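The structures considered in this document are given below.
You will see two complexes here that share subunit A, one where it goes with subunit B and one where it goes with subunit C.
For the complex of A and B:
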């Protein structure tokens, strides 16, 4: 899983590429650690090239969402591939995380 | 020491009072800080939601103005009781009484100088309504041996409702303190408004009491299981959720993969139930009973062959809604409407709905 973080004015764009599973979840957690530090988070996470997420990935997205919500920030995941979105849908996570 | 005080043109007696005030500004600042912190802490601990709490130390200019008007009334600085002032502004009139009881408990009240303006009006008069307590900070609350004056100077705490505050601010704007006489007709109009504000305050309290009575009534009906007698709305839904009506299904679904359950809010689904035209909790209760087995089977089909080991608690209500729409022959259009109500991109919701119809085709309830 490759994570690119780019800041434009007050908004942060995150681009995810590849598979997110148990083999790289720890690294992913380290990669997104700076996002947990933001005082006023406003994140757009581009999932165009994210091929898969496991439960571990869901937990990390949930952790990020909770951090954003606790600071009154905003987070949206965009351009999910159908098979990735399916994971969010069947676990009920589409109700928790904003997906466009 | 009287540097700059001569500009106020006061006599020697008043100038000395003003000089003493200057020397004790830090003490007054501390008194204000202590009183405000104590009030904030206790009001919050009692679950009272305030409109505002204001505090100030009277400015030198304002004190000079007061001394110019009625300086002879005061022998010493400590005779002036409002150098430190706090104002607690509540939403409801009965909360003024709660705050006053709290102030009585926390501070030493100088009853001789405290007034309840609410009780000072004649039967046929209306006007300024506020409760003013003049008090001292008791040593039990705060004591600094270097500044024992903190416990001897008095401060004033005003308590009033937001509407009383609006009226008082407007009244203040008429310049009543300046001694300039305002035409009688304007004052009469202002006093008529005071009567209206008093009525409005009473109505607000009454409405709140009625709402609380209604909520308690709903809670009793829900607890007794008389769901058909309870209209479905935000309050009754919250009471119903306390019975954990979705828990059994959530746990069954989680057990499919021994999954962790992440607790999420069910409230967004209230709009879906409203779209389903559910009128009472009875409608909702029957909906759960009639669709639980099929909602479970849908979950088995969807996550049974994955290794997903975390689910949101809303997965149960989501599946209940899906199977209900499909059983009612709502098809992809019905599902899309539901997803649109819950949010997300309409374009994706359409695709998701179509995919779900395809998935569900394999399930027994679609062929009944």
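For the complex of A and C:
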């Protein structure tokens, strides 16, 4: 899983590429650590090239969303592939994370 | 009627997560499945295997892949302590963000994505079987 973080004015764009699973969840957690530090988070996460996530990935998206919400920030995940979206739908994550 | 596509013991099993997943995904009967079915198979193999490694304390896992014309059956057998992951309460998927817990999501995903998931404890081994219809 490759994580690109790009800041434009007050908004942060994140692009995810590849598979997020048990073998790289720890690295992903380190990669997104800066996003947990932001005082006023405003994140748009491009999921066009995110091929896969297991519950290991869901755990980290939940952690990120909780951090963003606790600071009154905003986070949206965009262009999710149907199979990945299904993982979010089945687990009810689509109700707690904004997906466009 | 099933025929065996793959039967392999991972001993020791520690650190073999990726190898187990790729071994199943590279079975001839799995390689040619539609992408959406492969996605589900990969996810469920990962979740079950994670669960075994987290809870059973086993040092080895046997993985069997059996195929029939219309379904795929994957069996995991381990020598750890008796543990039925299917008995675990399903997560509350309607809970608000603040109350959401991560535990149990993996097994829940398997139950939803496979056509059947079953567990038995036999001769000192945990045996978990999942079946996916492929036609």
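By definition in this document, the second predicted complex is superposed on the first by the 100 of 100 C-alpha atoms of A that agree within 3 Å, B and C clash if a C-alpha of one lies under 4 Å from a C-alpha of the other, contacts with A are read in each partner's own complex, and residues count from 1 in each chain.
In the analysis below, a contact is a pair of C-beta atoms (placed from the backbone, for glycine too) under 8 Å apart; a residue touches a chain by one contact, two chains touch by 3 or more.
Predicted model only: the values in this text are computed from it and were never measured.
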Query - subunit C versus subunit B on the shared subunit A, clash or fit after superposition - result: clash
Report task. For A:65, select first, second, both or neither according to whether it touches subunit B, subunit C, the two together, or no partner. Result -> second
Query raised in the report: So, does A:85 touch the first partner subunit B, the second partner subunit C, both, or neither?
Result: first
Query raised in the report: When the two structures are overlaid on chain A, which partner does A:23 contact: first (subunit B), second (subunit C), both, or neither?
Result: second
Query raised in the report: Touch check for A:99: first (subunit B), second (subunit C), both, or neither?
Result: first
Requested in this report: Could you tell me if A:42 is touching subunit B, subunit C, both of them or neither one (first, second, both, neither)?
Outcome: neither
Query raised in the report: Looking at the overlay, does A:52 come into contact with subunit B only (first), subunit C only (second), both, or neither?
Result: second
Query - Overlapping segment of subunit B (options 23-31, 149-157, 257-265 or 329-337) - the one that collides with subunit C in the superposed model - result: 257-265
Requested in this report: Indicate the residue numbers of subunit A shared between its subunit B interface and its subunit C interface, in ascending order.
Outcome: 54-55, 58-59, 62, 82, 87, 90-92, 95-96
Query raised in the report: What residues on subunit B touch subunit A, complex-wise?
Result: 259, 262, 264, 268, 299, 302-303, 306-315, 318, 342-345, 348, 351-352, 355
Requested in this report: Flag every residue of subunit C that touches subunit A in the complex, lowest number first.
Outcome: 17-18, 21, 35-36, 39-40, 42-43, 46-47, 50, 91, 93-98, 100, 102, 105-106, 108-109, 112-113
Query - subunit A residues touching subunit B - in the complex, by the definition given at the top - result: 54-55, 58-59, 62, 82, 85-87, 89-96, 98-100
Query raised in the report: Which subunit A residues qualify as touching subunit C in the complex?
Result: 21-23, 52, 54-56, 58-59, 62, 65-66, 69, 82-83, 87, 90-92, 95-96
